[in-house]
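In the two complexes below, subunit A is the common chain; its partner is subunit B in one and subunit C in the other.
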Partner chain A sequence: MSETGFFTDTTLCIGCKACEVACKQWNELPSDGFAFTGESYDNTSQLSGTTWRHVAFVEQVAIEPAAPSPIVEKWLMMSDVCKHCTNAGCQEACPTGAIVKNEFGNVYVQPDVCNGCGYCVVSCPFGVIDLIDPIDDERKFSVATLSESRRDANQTAIQKSGGVAGKCTLCYDRQKIGETPACAKACPTESIQFGVLDELRERAAERVASLAERGVDAHLYGADDVGGGIGSLNAFFLLTDRPEVYNLPVEPVLPSTRQPAGYTAAAGAAIALALAGWAIFRSR
Partner chain B sequence: MPGLGTSFGRGGATSYVQDLQHADCILIEGSNFAEAHPVAFRFVMKAKERGATVVHVDPRFTRTSALADVYVALRSGSDIAFLGGIVNWVLQNERYFRAYVVAYTNASYLVREDFRDTEDLAGLFSGFDERAKAYDRESWGFERAPDGGIVRDETLAHPRCVINVLRKHFSRYTPEMVERVCGVSQAQFAQVCETLARNSGRERTTAFAYAVGWTQHTVGVQYIRTAAILQLLLGNIGRPGGGIMALRGHANIQGATDIATLYDLLPGYLAMPSTGKDEQTLAAYLRTNARAGWWEHFPAYVVSLLKAFYGDAATAENDYCFDYLPQCTGDHSTLPTQIAMKDGIVKGYFVIGQNPAASGQNGAMINAGFERLDWMVNVDAYETETASFWKREGADPSRIATECFFIPAATILEKSGTMVNTNRLLQWHDQAIEPLGESVTDARFIHALGKRLKELYAGSTDPKDRPLLDMTWDYGDDDEPSTLRVLQEINGYDTRTGEQLRSFVDLRDDGSTAAGAWIYTGVCPDAQTNNARARAGDDAAALGWGWAWPANRRMLYNRASAAPDGAPWSERKRYVWWDEAAGAWGGDDVADVVPGARPGSDDQAFLMQSDGRGALFVPESGLLDGPFPTHYEPSASVVDNALYPQQSNPTMRTWRRADNREPAGVDPQYPHVLTTYRITEMSGIMTRYVPWLAELQPAAFCEIDPQLAVEQGIASGDTVTVSTALGELECKALVSGRMRPLRIGGKRVHTVGVPYNYGALGLARGDSAGRLIPLVMDPNVSIHESKSLTCAIRRGPRANRET
Partner chain C sequence: MNPTYYDRPVLKAPHWGWNVVTYLFLGGITGGLGIVAALADPKTPSGRRLRKTARIASLVVATANPPILISHLGRPERFLHMLRTFKPGSPMSLGVWGLVAYSTAAAASIMIEDDRLTALQAILGAYLAGYTGVLLSATAVPLWAAGKAHIPAACVCSGVASACALASAISSLTGNAEAVGKLERLEQVATAGEAVILIHFNASGGPRVRRFVGRVAAPVALSLVAGLVHVPERHRRLRTLLASALTLTAGYLFRNALIEVGKRSTTDPQAGFRQPR
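Our next item is the complex of A and B:
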């Protein structure tokens, strides 16, 4: 079966957050609380165990010495999501085998296998996956838009208890019945496109070329190998500025790629200590 | 929407949103299109992908601005100065579409000799009565030949030609003046003018889009008039990728207006009879309202409506029960009714799908008015601030005598019916589930209420009870009515055979037809067909998807897409044209022509107008505040009117009383411009209870620029208080360089933006912006002024804890 993924074109994003809401509604995720951040129009702040799409708002200020007040001349918006890496750090770190590559080539957390150890959280090069806090009464209230019967009888594992790792499933359940993932379906401007990876990459390359014709300097992030042992990303992005502007790592690294060096260093240290010990004891 | 109505003939958006993708340029002003209409905005994005230039003019840099090619920051309340400046630029540089203007507008008409312009009278037109604050509009007319015809000069040379009077009227709206009044640099103003002119004409078209950012002003109607004048001059009405898109604020507000939520209209935009006019008998009413042009059919529409209302009881002998209709005795619009409630004149109140306590103006007066009612009935899907006014913060329920009823209402998924969107498109939706709990559909509530009232008055011989007893009310035996039967009745039927009618041309004034709203005739053309259900799309105008009034026409005035000889103005912009071989009009849409009209004969581009032409000059029968738009400052402004000695609209309605405090003139206590708006994530009570939306914008906030924040010692996230002469509002501060101080007449002016989405209930709560807004209203449509006020801001919570 062909691998599927997301192509998120930030030049088409209007920051409406329909993707965030559609994702939470379909996946029956609770809200993350009701705190006002005072930071642009972003009050959900980041991806979390229960926020699987997050629209980032980047206000870029013009440097105009004559202006009496800093002036925003560009307001970039980007819907961030799990990257569904070719070599996923979370999957490698998972001791229970809860994180798998499914038949669509997407990285999927099986909530009933996950033991909530959290090794995946520190192993994600993009800071995506997170543990879902145990769900208390107040947070249950957050899913009150579901009908009573639905809440009581047919809870998802996440709503029931929390305490497991959570992230975008690329709407595995929807894909299995031939449906488009909720976020892509809800996006009014086709900023989020879902499809077979080869086709998406082709479309993205054409898009970069057509933007270049119009004088827009755009590039893709994750359509090809991002380095650091991660490979390409099944959820890749079209950006018009440097990756770090969108809070994407410039040089993401798969933690396991550091293992050879780490083991070598550890072995070296062991040998050095042994030699030192031998030298100390021999001198007695 | 008399701005569009007086200019073009019909008070609706001239086109449909899908057509925006064919535009070469889109000017968005008075609308935060991307945030308030994200789904429709996809067609703006498509136009952009096809190379169109998108211009956004707004006091705030919004998500729409972020997507636009050109963003222009202007002071809220100065749009007529800005657009008038463009009109002046177009006329001065001879950049108008001359052939279009001569053929399809009243540019060549001669204005009466006794008409005096604002240029002559220091900001007033002729006929102003200082005491009545109203105009005698007799001199706002055209010169008549002895035979009664309008005198014209198609060379446009005569100094009293409309276009030359217009030229003079806007001559002082120079780029320097635009800079001084609006805060827009001359360089940027020139860029916008050139962009619009370059993208208009035979080969190219420009579309305008606006929303309530233009309407909610004491001169709101004239904002839209200025846009209409500009689009007529540039030849952009009735052409693909052109037009003026009036973006509606609610999913079904077009339908609500069509079927007469406005107090002075009957369904289908027929004027409500009024005691102030010679309309006390049917004959007099028809004589007063039937006009040349399409409105000569007015009697057929009125009699058919009366037959739909009163059935067999309506006969030629009793004037089809015309006497049953209530008559307007004055202005019964929202704001005067609110005052009357406060003054104890209004005793009972039905509130259905509305939440005035959170979304109305002068919130304190609204709540005080509720306390003086005998009874209030709320029908809503949520417990609103209105429904719970008696237990609001600071209220003592034991001292409130109002008897309150709350009927839980079904939501859209729990009922069937039509929604009419901004395209005037009727789309049917089916019921998905039964209403939950005790909730009932609004239709059921109204139907059952009517049935019970009829039962209550059954057998009465009192003549005053006849209207209720004679009212047709046959939508099924159950309390739950058949919404399809309602739609079929609105469509209309032959009263002799009971057959559905296919078109409003079939309507008669002899009682043989009945129709609840003539503009919808054709949606259910036979007993089996409901065109609102149609779901066949295509790549052109999608005529097979739903049904649009009138006559399933998607673009109004599309006759103007072809030249007078019937050939398209250009191949690139062809839409509807005369097909000589077929002897008929062809094209992508239903041609907007009088049935049977050929090029040159009975052939009018704006057929609803009595003279068939688009109005650059609106004559005496039109608007109450002027035949041309004029820049007046808002009722409350931070600056004096730089254009005229007349500060504000001389005909605006005000209530200067203790419970409606307004600043008098330019008040230094309130040095900042205040504007209100809604945000994508929130609508009102419907969204404040939804956790997924509440977490996105969890608290009431205001937006201010960094300089003002520093001056007031405010950091982003701080609690602040915004105050006007009327009241105080507490919210969080959002400091951003998206807000820009402007230089207005040598003075630095800051804008404070306050979203109008919040209230005391829900997961995302906060003060309603209505606390800050006094009642003051435009003379034409009785709209409040919520988009441009003055305020002060300080750090810290508000002093008064009552709501």
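Our next item is the complex of A and C:
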């Protein structure tokens, strides 16, 4: 079967957050609390174990001293998601084999196998995957003024299996029955496009060319190899500014590529100490 | 300066706390004791006693490791899931199997005197002391990634130094003075090695590396100095115990600083944008 993925075209995003809501509803993900950040319209802030789509808002203001108020020059919005890397740091690090590549070529966490060691969290070069707090985390329920009994009834499957790692499944369950992932389905502007990777890449290249004709300087992030041993991303993006502006790493690195250097250094130190120890303990 | 997204970090911080720090610390001692057991000369009475001391201590510490390891899991009852698969590419998976193999070898070597078994235990011990460093450096955490060679090498040195410290304290209390002298010398060499690695790490890294080295510099220097101070013969035991305590404390603080400064390093968005190769 050919691999599937997301093409997120940020030039089409209108910041409606329908993807965030659709994702939470379909996957029965709990609320992450309620706070106003003052960071444009972004009150979600980041992807987490229980937030698998996150719409970033960047207001780029042109400072015109003569004008009565600063003028918004460009307003960028991007729906961020797990990148579903070709070589995924989380999957490589996972000691239980809970994180796998499924038949759609997507990186999937099996919650019943995961033991919540947290090693995937530090092994993701994009800071996507995180641990889901156990169910007794009051923060999850503090939004709604639910009674004790209602609270229990409102616990979802994910909440009950808290303590494990969570991230976008690329709606594995929906794909299995031939449905489009919830976020792509709900997106009103086709900013989030789901499909077979080859087709998506073709479409994305055409989009970049057509934007260039209209004088918009756009580029793709993750359609090709992002470097650092990661390879291409099954969830890639069309951006109109530098990756950092959207909180994406410019030079991500697959953490496991540092292992040879580490093991070599450790072996070198061990051999040196063994020789010194031999001289100390075995000299007559 | 590169633009950031409201100064939000790119990377996620480790969820690890005291139990992982303790595990990394004890793992180093366990492995180091395996090396000490192999180094002890079986042709001398003092060497034979040291070998026994190191083997028993190593098995005791090795046995304490799994409960600590299990306690840090989000779902502790699923510890055995780590044993359903073998992934040599994952330092944590390989490490768990390394711990299992080491503990088996440690238990066997107490019962069976065999040179090959002793050598195997020493090799597995070196792995155990070093893999904890690789486990950290093979992540996206900026401080750990910056020390891809320094941290594993320093973990081996610290593990051997701590093992010598523990073995010399026990030997001193059980009256094996000959072994104490040798152990203290190796402890000095290992601590000096650790100091050299840290100095090099400090010189090669940025401000967060310097913050980390700054936190471990005093304990490491103190344990190094404690072993060099000359004391009258009647105070030898006191000095041994004091030096051992300082070395063990330095070993624990070294791991603690790795985790704590590592956590802080993830909050810097610039470090997440360009990750060390």
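A few remarks follow.
Going forward, the second predicted complex is superposed on the first by the 235 of 284 C-alpha atoms of A that agree within 3 Å, B and C clash if a C-alpha of one lies under 4 Å from a C-alpha of the other, contacts with A are read in each partner's own complex, and residues count from 1 in each chain.
We adopt the following convention: a residue touches a chain if its C-beta (ideal position, glycine included) is under 8 Å from a C-beta of that chain, and two chains touch if they have at least 3 such contacts.
If you're wondering where the values come from, they're calculated on a predicted model, not measured in any experiment.
Once chain A of one complex is fitted onto chain A of the other, the partner contacts of A:V250 are limited to subunit C, with no touch recorded for subunit B. In the superposed model, A:N115 makes contact with subunit C only, not with subunit B. In the superposition on chain A, A:I177 makes contact with neither subunit B nor subunit C. Within the superposed three-chain model, A:E39 lies in touch with subunit B and with subunit C [touch as defined at top]. When both complexes are overlaid on chain A, the residue A:M77 reaches subunit B alone and has no touch with subunit C. A count of residues in subunit A touched by subunit B and by subunit C gives the higher number to C.
Touch criterion not met for A:I63: it reaches neither subunit B nor subunit C.
Contacts of A:C16 after superposition: subunit B is touched, whereas subunit C is not reached. The interface of subunit A with subunit B overlaps its interface with subunit C at residues 37, 39.
Of all the residues in subunit C, the ones that touch subunit A in their complex are 2-6, 8-12, 14-16, 35-36, 39-41, 47, 72-76, 78-79, 81-82, 84-85, 87, 89-93, 96, 122, 126-127, 129-131, 133-135, 137-141, 144-145, 148-157, 160, 182, 185-186, 189-190, 193, 197, 266, 269, 272-277. Listing the residues of subunit B that touch subunit A in their complex gives 34-35, 38-39, 41-42, 45, 51, 61, 63, 65-67, 436, 679-681, 690-699, 701, 705-708, 715-718, 732-738, 740-741, 748, 763-764. Contacts from subunit A toward subunit C in the complex involve residues 37, 39, 42, 45-46, 56, 58, 89, 92-98, 113-119, 121-132, 134, 162-165, 228, 242-253, 255-259, 261-270, 272-274, 276-278, 280-282. Touching subunit B in their complex are the following residues of subunit A: 12, 14-18, 20-21, 24-25, 30-41, 43-44, 59, 61, 68-72, 74-77, 141-145, 147, 188-190, 214.
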